[in-house]
Structure formats: structure tokens, C-alpha cells
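Here come two complexes built around chain A, the first alongside chain B, the second alongside chain C.
Then we have the complex of A and B:
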């Protein structure tokens, strides 16, 4: 591909931005890049690993968010669904106070329920969002606002407003275990990203999503069942929020209806936008979204690693994201593409 | 007559192409000057250069002898160049009066003087012999009135040059006459008007001179009486039109089998009772005014709107059409009227646009490979002569005629038995028009039954085997296509009975 074409792509700029942030880290402190092996846990350690590990929830959710945004919508309920998934799994893991005094390595209900019921419930809640949008004709942002607000309420009700903790080790594996020297969340993320990529790009589903996102009316008249596409996309997003919810609660071995997944919808939307998918719908890039999610997490890690005062974290994050988005804006991309074109023109002549 | 506007040696280059190459254009005060050319000839580029949207690489523009270099649409308006676009660019939720004065409302005691605004707006509209309530929202009125509002705005800011870009494509006959009267009046007051249209009759009805462009080059400027229609078209297209217009009606044998049959179908709102039959390889024309029920009937046959009564039979089996997908499964295809809204998917590539109907019939779990898609797209790009460097270009970047060909390709690729085309030649240039008609007839030749809806009677008569005439949401007549004249059809449309 020509340099001018590359310069016009938002994904290119996202990668450049990520590289720049990492470069700054490297200059300030080269050990930022060191990765070491910890035999006691069987895992690799290091800031880079940590960035990927900690970005797992957002990356997973933003895979679904990418599709929702490609349809021209947004899903605000993902953060609440993270809390719902945590509440349900911990409800099943809750120990019986009469039998045991402390949380330990035991579960009341079969482990299958602990895993699958939250996922099924989240998928159904996603389907509910999709139903409001496809059949009810509601704007996605309004439709999903309903679950965003009441999802946490549902989580509270499920757990009687209490915070449960657990020590059940198979559950710990999801968020803290390892596989092939890598933290389990990274493995789960890779599986999810590959699965969504295969589902959208190896079938015609991705093309249908883009088509409906660009022009719903023309898509319908071309025979695409737009309603079905919308239902599937919202259901996928719900399911992925559930997976993220399990990872999140496994990390803290507890449920937290108030704070689990807080502001995840914003980070997920941001990851998608930085990744180059247009909020108006249409063409989407899953790879771009992964980079977008990594950028967000890199900034946060950067702040922690270099000991910037925690009060400044949000402002610092906003600042860097503003720079990234300016880099990606039409005029800047066009400017560099033009320069590249000129150079190419010279070399051709 | 004095020269008002003069453009000299205008050259504009886009990456890879010269959109305009050394083009001269001149406009006198009190003149209606038509700008002609096929899609992609450079008409809109020239206009955009004049209105400050595109910037010229070479050339000079003089307005009343002074050199100008508009760098933005706002600046162009300030220097006295106003444009009325095909799609009206006003605010539909504001009133007519507000639209005329938005941004420069007359003030009184530091407040907007609404009385003054409404009074002056009424005065302006009455100059155009329009007696309307100017306080109603713009969206309340027809496209014609909306365009008049746009023109009124230009008149009020004392524009010297008025550009009308395809103003008539969505107007009916009366509205066109209304517009022409306004144009003539403005011309008498010394305004210079640049008029762009695809309708040749309209050019001859109002213009004084015409300038023809082809492929970014100037062909020439002529007085209206200097060129006959045939000469004009020949200059626009650059080849002899006789060959193109030498179309042969589809040949339907009397014993051809009936493919599609509709018995007394009606939808929930407008259409009560329509019956028709369609034979294999036949072209059935639908004539009638806008709103006569042509489109609604087509939508029922395609499942885009549900029938509440009657039945649709294809090849002897009754169809239950609840959505377009059902019709596509049954091998019925439909090219909708509004290409931009219902047809083209602008941000997707030509390849994706073409493969869409085939793919949607298969369902998304049985994807075509990239290679299959590319082969399919390239096949139709060659077959239909779609002008594009490759099949990955965004469909929205093509000219109107080529977009229409892409949609046609989408349906040809789906290999339909029945093809319904709703105004497939609207808003596209004459060369592409003739090609679409040729393709339509070729499809009939290969056994496809075609329903052809058009507002242009001459093309209906030229192509149809039979013609259904609609009036007030009813089918009023069905006549033989080979032996009727425009007068016959007009009479039926006007009076009802056959």
C-alpha cells in the first residue's frame, strides 16, 4: 500500500500514537519494557504484560461496541451489565454463613451455573436492548440508557445490596490464573477478538452490519434482515459484557454493584473511536479498536508507573486522548497524506 | 447586453484527473445560460469553483470586471453569487420567512423584528405570485416552494448571479412552469442565471445561451437557436445519438407464459384494487403522475409494503411477501426510485454494493469469498460499462448514472425473474439513460419480465410492450405500447377513462 493511503487511515495514526506513548515511556525509564518470569505463579511479569492484561475487559466489551457503533448506535448499558454478571456469579458462589465462617474454596451452586447463568442473562439483556432498537424503533443511546440505569439496580436487588466475597479457586483462575505463561484475561481476550473477527469477516455478517450502518433503508430493500442484524449485534455486546464482568469479579473475588464496570461504556466507545470506526456508522475496524483499548490502558499504566499524582490521572488521560484524536482528525491526516502523495509524485517522475 | 461574469482558462486538478481543463465561461446580465454536459463532464466542478467550494489551480474569474477569488461559499454569497441546489439546503424546521432572513434578521430595539421579517417575506413570495403563509415551517411546503424560498433569499440579498443546480428534477409540470416564470422575471430585472438540468426541453424553454462541457473540456457556447436537440446531444455525448436511440422493443410471443400475476391487491392506506399480469420477457410500462400509486404498487409486488387484500402469484404459486427478503427469495427484484436513500450504500465499495442482494439471499452464514465477489463485481463493471478504476472505489463517489448502473448490477447479479425499475433514468445524463434502456431491453430478451416506471412518457412508449396507466391510486387503463402516442396517454391521465 502507498504511504499516502496509510497516512489517511485512522488505524495507522492510532498505532503511531501508541508507539509514541511507549517511546516516551522508554526514554524516561527503559525498564518499563522489561519482562520477567515468575516461577511461583508460572506467569510473565512486566508493564507491557500488565497493560494488555488490564485492558482485557475494555477490549472484550469494545469488540461488541465496535459492531454497535458500526450500526450507527452506541450501547451505554455495558458497564451496568458488567456489574450484573458479577452479582449473579457471586450470588451463586456465596457461602452459607451457617456452615462456614469465612470465604473459602467452596461454592454453593455448581460451577457451571456460576459461569453460564451470568453470561446467558447478559446476552438476554443485550437482546432486550436490540429488541427496543430493532422492533421498538428507539434510538440505541436511549434504549440502552434504560439498562444502564436499572442494570445496577438489578445487581443490587440480586445481592440484597450486599457485597459478597469468595475464595473458590476455579473462579479465581478466570481473572488471576495463567495459561502458556500469560495471564488468563489475555488468553480470553485473544479468544474473543479472534472469534468476533472470524464471525464478522469470515461470514458476510460484517458486511451486513456495515451496510445497515450506512443505509438501513437501502439494506432492507436489498434483502438484508436489518432487524436480525441489530438483535444479533446487541446480543453479542451483552454477552461480551458478561464475559468482562466475570473477569472483573474474578480479579477482586467479589461483586461490587456500584463500582464494577463504572464508566466502561465511555472507555469502550473511546477505544472504538480511536480505533478509527466512525460514530456515524459504516466501516469498522476491530484491529483498530484493540489498539484503541491498548492506548487507553497504556496511559493509565503510564500514570501509575511514573507516579503522577492520582488526582491528575483523569486530566492526564483526557489530555493524551485529545492529542490522539487531533492527530486522527481529517485535516491532519489529509495534510500528511498530501505530503506523502507529493513525495510519491516526485519519485514516480 | 453587458458581461456580468467571466471565467477564463479555469483548470482544476484532482489527484490523478484533470476535472476541468482550460474552460472559459461567460454570463451576461439579464441572461439565462444553461450549462450542459453528461455526469462527470465538469459542470458541478465549475459551479463549485465559482462558489468557493473547490479551488482552481489555474484561471481567473471576473465579476463585473473585477477579479474575484471566492475561497468559501460564504464569501461567494457576499460577492453576489447565490446557489440553489437540487436538494434544498435550508432549515426545514424554520418558517419560510425565517429561512429567507436567517443570519441577517432586521432588528428593532435590539430585538428581531418579526413583523418586518414576515412582511418582507410575504412581499418577496408575492413577487413570485405565491400567496402562502410565510410563518409556516418550510417542511410544510412542497419542494417547489422550498426552492422558491431559496431563490427569494438570493433575491433579497441582491445576488447578481444565481445558480440553479438541477432545480426541476423533483418538480411536477406546473411547478416547473412556476419556476420558469420566476426565472424569467429575475432575468428581466438584470440577474444572470446559470441553469443546470438534464431535461433538454426545459433548456430550450427558458435559456438564451448554452455552454457544453465534455470530460472537463469546453465543447463550446452556443445561442439557443443555433443548435437543434440532436446536435446538442451529439455534442454532449460526443458520438452519434442515432445509434444509441435505435432501441428495439422486446419481442413477446402471444403464447409466452405468464410469470407474475397480481389479483386485486391493495395496501393498508392508499391503494385499493390493482390487478395486472406480466409475461415472460415482457416490458410493462407504468405511466402516471407522481403520487398516482405507481411506486406503491411496485412496493407491494416487492414486499416492501404489505398487501392487506388480494394475492400475488409467481409462476403459479401464491407468494406471501412480508419483507423484501421474501421477494428476493422468489426472484423478484426492485430498483427503488430514490437512489440515494433506498438504493446506493455510499460508504461501501462497488464490489460490496453489487454482491449485496446475492449475499442477502444466501444469508450471512454462507459467505461468498472475496475472489467470488470481485469476479462478480468486475463482470458487471465490464458488462454495464461502469466508469471506475476498480471495484474497490466507494459507490457514493460515482456519478449518478454510474450509481444507477451499480444498483442495476446488484439486481442483475441476483438473476431475477421479475425486475421492477422505479424511475431508473431519473437525474442521469442522456448517454447513461439510453444505456439503461438498452440494458433493460436486453434483460427482457433473456426472458426477464420487467416493470418499468417512469415519468417520461417518451421513454415509456419507446420501450414498453404494454402500458399500465395509473391515476389517483387506481389503474385506469392498460394499452398496447407499440401503437400509442404521448397524447393518448396524457388524455387518459387527465381524463381517467380509456
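Then we have the complex of A and C:
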């Protein structure tokens, strides 16, 4: 019984897939797993650390995306919000560029504004998405398409189409600093994952989300304020995109409205689906999403590590994801579950 | 008498309201441009012909996308497949020395094959269209980069002839045909676009296959309970969309005469936007080719207006497109609720 239930769970398949990819890495090059300590920066280095570090943005965004998908929707605007957050923070760091014409270790506006205004703006933009979905009754995919199309335009106009760079060291800490031997993005990711997990699992909010995702009208009748749940979920996703945007722009110490967060919405949705959350809504798994995000990044790191042309990663990513998705698809899972059940039946007899 | 009434009924059918809204807003925006920039030549036939010339590849792709959206699906791979077609043509003719037709045939096999495969996975393995076609997009983009990471120019007499071929628009004056001034022409891409729109309209309005597409988009379960071949229809629709993506790629290659692995990035969303402002519902079951045609024109008139203005950053175009989307979704919402109330 237990085996067949495990075989039916999509999260199991995600973990098996990740383990298999790592196993292949280990067989080809064992030093893939080596981790070393660099005293000068106080950070640990190694491919594994790198995978977790570089997956930070997608993991953070996909925490919100998991909730949106559990509601039965998708949020396409997250990539554009990453660009908006970067544009606003760099604008506060460097405005007015004419007076402060060389980038250096300074900020023009207080650091509080640099951090909080982008987060607030992104949360408000998320709220706008939520408003269109909850009050306007639009499909999430199309409601968020609006900001996806507009967002990069807004980011460009905020910075006059220019690319600013900065050398402000407290800003550098967000993406390149370290804490307890670990790169800062990993710490931020852990905080975000724990916060979202506590918020959804230790309060009734997670159950509300699942119930609205399965049947909005039934949950409304049973006293759940579906509209409020939708608004909160989209706002959280917007806020998390803002955090990811700060990490991204701190890594490059610049704003890049064209490429910041490009295809992040796709990667985040993939991470959620690989992690076993059904796109039709309902039950969600935050742990699965984290594994999904790690799988995507492991593939990319793996390909980089073995020196394959960087843009070609996409083809490998597609092939591996195709295998994972086919393994997770209903007919295949049912087939395996049936076989497992048959085996158990034989052993019982 | 009976005939006339049914014609009136057909014209005022609420399912066409979206198409009328698209045409109406296009006319308003065009009239605005004519009013503001008539001195710069916005009203000339050349400007109108350029709308088609500069956006034919989006239009060709939008024909297939409209069908996919009507079935209630989505296809994110179109931009990447079109880009891959361009790479096939560029690499094949310039590096391998093949004839462009061979490359186009190979692209057709690739595009239609990928489309059919994605349709199969979507229907039989029950994987959401969004995820399936996203994987298809990653795959096609990755293969593009595997072929070459740099832009390859296309130099081939056949391509040059096809890209340079144009029909000048003529007028009859003083007893002879003369080219109109300023010179306006249409090229192969425009003709391909118009032919694809006509084929799309024919399939949707006049064939059993087209009716199946609408039925499946309306309600897949009842359609298959009624005995309609849901699986076959969906797979063929994705195959047809693959064909449209490849033709769009050919048209884009003729337009820019090069292949680049990162070209048409985000093109899929431009195409979806065209279809949506043309009145196609993403929930499926509603949409038409005429609407999509005007959706493409409406979306392409905005950059034209910004060019004519000359002072605005091109980024305002994106914001204007986003606002247009918002407007159309609100109209759709209004139409759907009022239609629901009527029932």
C-alpha cells in the first residue's frame, strides 16, 4: 500500500529525478561535490553551494507561484516585476545621475528607500493583479499578461531607458555577501521558504488557498472570503518578485530592464509543476517546489560545469524536464502504481 | 424577408461584439493618427501597407495561435520554432550550401512534427498545454543555440528574389496605369499572411474540423461524449500551429534576411496579445480570424504612431499595448457577463 502511494506522489518523482541527475554528475566527475572554504570572503564554495545560491531568485518567486497555481491560476508578471524592482532600487541609489556621474560606494537616497520602495511597489503591482482576478473576475493568466507586457516598459521609463551601475557596499551584501559561511541569497531563500511555509501551514491560510483552488464558489458558501485569499496570494507573489529583483540587481550591481528576470515566470511555473503541484489548482507542495527549482538549476550548473555552450543549456533543460514531466503524467504514474500494487498483492499471497 | 432578418440576426449576434469592438477601436486609433499626423503622411496607402509588411510574421503565427486558443490551449513555442526555422534557412544556405527550399522543407517537418508531438503529449499524457509547449520552446531555443550562437546572414539568389519581389500598387490616371505616390507595395509576406487568414477563416467557418475546434474549446468533455474526435482535433491543431510558426519563421527570415538564435524572443506573447485583442477568449470556444486580423493591425498601429510622433520612447508602446489589453479584457468581461445574464 505504502509503496504504491509513494509511487503515486509527484514529489517522490521529483526527488528521484534530482537524485539521478546528481548521481550522473557524481559518476562523471566526483569533484562536482567538493566544497571548499575561502577564508578571505568567509564563504563556502562548490558546485552544490552554487546550485542553491543561483536558484535563490527562482525558489523565492516560485514560493508565491505555488500559491497562485494552487488557486488554479498562473502569474506571468513576476519576471517583469523583477525588472521593475531593480530599476527602482538603482534609481534611488543613483538619482540624479548628472550630479553623481560616477558610480561609487554611496547612495543618493536613504538606504531604507532603496530597499523598501521596490518591495512596496512590487507588492502593490501584485495587488493590482489580484484585484483584476478577484474583483474583475478575469482569468489570472490574462490579468497578469497585462503587467508582463507593461512592466518592462514601466521599468525602462523609470530609468529613462538607461542602465545605472552602483558600488554601494550595503547593497552588494544582498546578492554577494555572506552569513554563517553561506552566501546571502541562500539565507534570504531559507527565511522566505520558512516564512511562507509557516504562514500557510501553521495558519489556516494554506487550507483556504487549496479550498478556493478546488472550488471557489463552494468555499465562498462555506464562509471563506475567496476574494481576500486571492488578493493576499497575488500580493505575496508580487512582494517575493520584488525580493528576487533586489537579489538579482545586487548580483550585477546594476539594473537591466531588458534582461532582468527574463523567462523567470516560465522557470518558476516549471519549478512548481515539477514539484508536484497540479496546474488545475488544489493541493500544493512547497517542499516539492523547492526541489523543482533545484532540479532546474542543477541541470544548468551541470551543463556549465561540463563546458557545454551556455545557450544550449535550454535544449538539455527541455529534454530532462520532458522526461520528468512524462514520468509524472497521470497515465505513467498510474501504470507504476498498478505494478507496485500487483507486486504487493503477489507477496501477500 | 426571412433571409434579411436572419442576416440582421447574424450580424447582431453577440458573439461578434468583440470583433466589432476590435475593428471599432482600430478605426478610432487610425483616425486619431490621421488627425494628428496627416501632415507627415500617416493617411497614405504606404503607411497602411507597411502595417502589413512589418507585422506579417506575427499575423501568420497568429492564425495558428487563434485556433490553439479556441481549443482552450496555448502554445508558447511559436517564437522559438520560428527562430529555429530562420536558423535552419541561414545555416543551411550559407554554411551548408543547400537550396533554401530544402531548408524550408526540413523546417516544416521539424515544426509540424514538434507541434503534433506536443499535441499528443497534451492530449494523451494529460500534461497542461502551458508546460508542454514551454518545454517545446526551451527545446527549440536550445537547438537554435546549438546550431550557432551568432547571427548568420542569408545570401542566396532564391531568398533575395523572394524577399525583393513586390507588387506595386497602381492607379489609373490619364489613360494609363501608374504607380501611386508615395510608392506603396505589397510583398510575398503580405500575400502569405492574407492567404493564411483566408485558409484559417475557411477551416474555422466551413469545415467539420473547424466546428470540432469550437466544440472542444466550449466544453471538451461534452464534445467527446457527443462523439467528436477530441484527441485527433487537438493534435492536428497543434500540428497546424507548428506549420504556421514555420511559415512565420520563413516570413521573418525574408524580412530580416538573417538567422539569429535569440530572434523573436517573447514573440509568442506578442502573438497571443494579437489574438486576445482580436477577441479570442483564453478560456476557449470563442474567437475568429477576422478579429485576429484586426488584432494584428491594432497592435501594429501603436508602434507606427510612436514612430510618427518621433519624441516618445519606444517603451511607451509596451505600456500602450498593456493598457489596450486591459481595455479589451474589460470589454470581454462585460460582454460575457451580459450574455450570461441574458441566458
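Note that in this section the second predicted complex is superposed on the first by the 335 of 349 C-alpha atoms of A that agree within 3 Å, B and C clash if a C-alpha of one lies under 4 Å from a C-alpha of the other, contacts with A are read in each partner's own complex, and residues count from 1 in each chain.
Just so it is clear, contacts are C-beta pairs under 8 Å (C-beta built on N, C-alpha and C of every residue); 3 or more make two chains touch, one makes a residue touch a chain.
Bear in mind that the values here come from a model prediction, so they are computed numbers and not experimental data.
Asks: Scan A:156 for contacts with chain B and chain C and give back first, second, both or neither.
Replies: second
Asks: Have a look at where A:323 lands relative to chain B and chain C in the superposition and call it first, second, both or neither.
Replies: A:323 contacts neither chain B nor chain C.
Asks: Check the residue A:217 against both partner chains and state whether it touches chain B (first), chain C (second), both, or neither.
Replies: In the superposition, A:217 touches chain B alone.
Asks: Which of the two partners, first being chain B and second being chain C, lies in contact with A:195: first, second, both, or neither?
Replies: The answer is neither, since A:195 touches no partner chain.
Asks: A:225 contacts which: chain B (first), chain C (second), both, neither?
Replies: Touch partner of A:225: chain B, not chain C.
Asks: Comparing chain B against chain C, which has contacts with more of the residues in chain A?
Replies: Counted on chain A, the partner with more touching residues turns out to be C.
Asks: State whether A:203 touches chain B only (first), chain C only (second), both chains, or neither.
Replies: A:203: touches chain B, not chain C.
Asks: Would you check which partner chain A:282 touches, where first means chain B only, second means chain C only, and both and neither mean what they say?
Replies: The answer is first: A:282 touches chain B but not chain C.
Asks: For a test of understanding, state which residues of chain A touch chain C in their complex under the given definition.
Replies: The contact residues of chain A facing chain C are 74, 76, 132, 136-139, 141-143, 145-150, 152-154, 156-157, 160-161, 262, 266, 269-270, 273, 279-280, 309, 311-319, 321-322, 325-326, 329-332.
Asks: Can you list the chain C residues touching chain A in their complex?
Replies: Contact set of chain C toward chain A: 74, 76, 121, 124-128, 130-132, 134-139, 141-146, 149, 261-262, 265, 269, 272-273, 276, 282-283, 313, 315-319, 321-323, 325-326, 329-330, 333, 337.
Asks: Quick check on the complex: what are the chain B residues that touch chain A?
Replies: 15, 302, 304, 323-325, 328-329, 334, 336, 341-348, 352, 356-357, 359-362, 364-368, 410
Asks: Name, in rising order, each residue of chain A that touches chain B in their complex.
Replies: Listed in rising order, the residues are 202-205, 207-208, 210-211, 214-215, 217-225, 282-283, 341.
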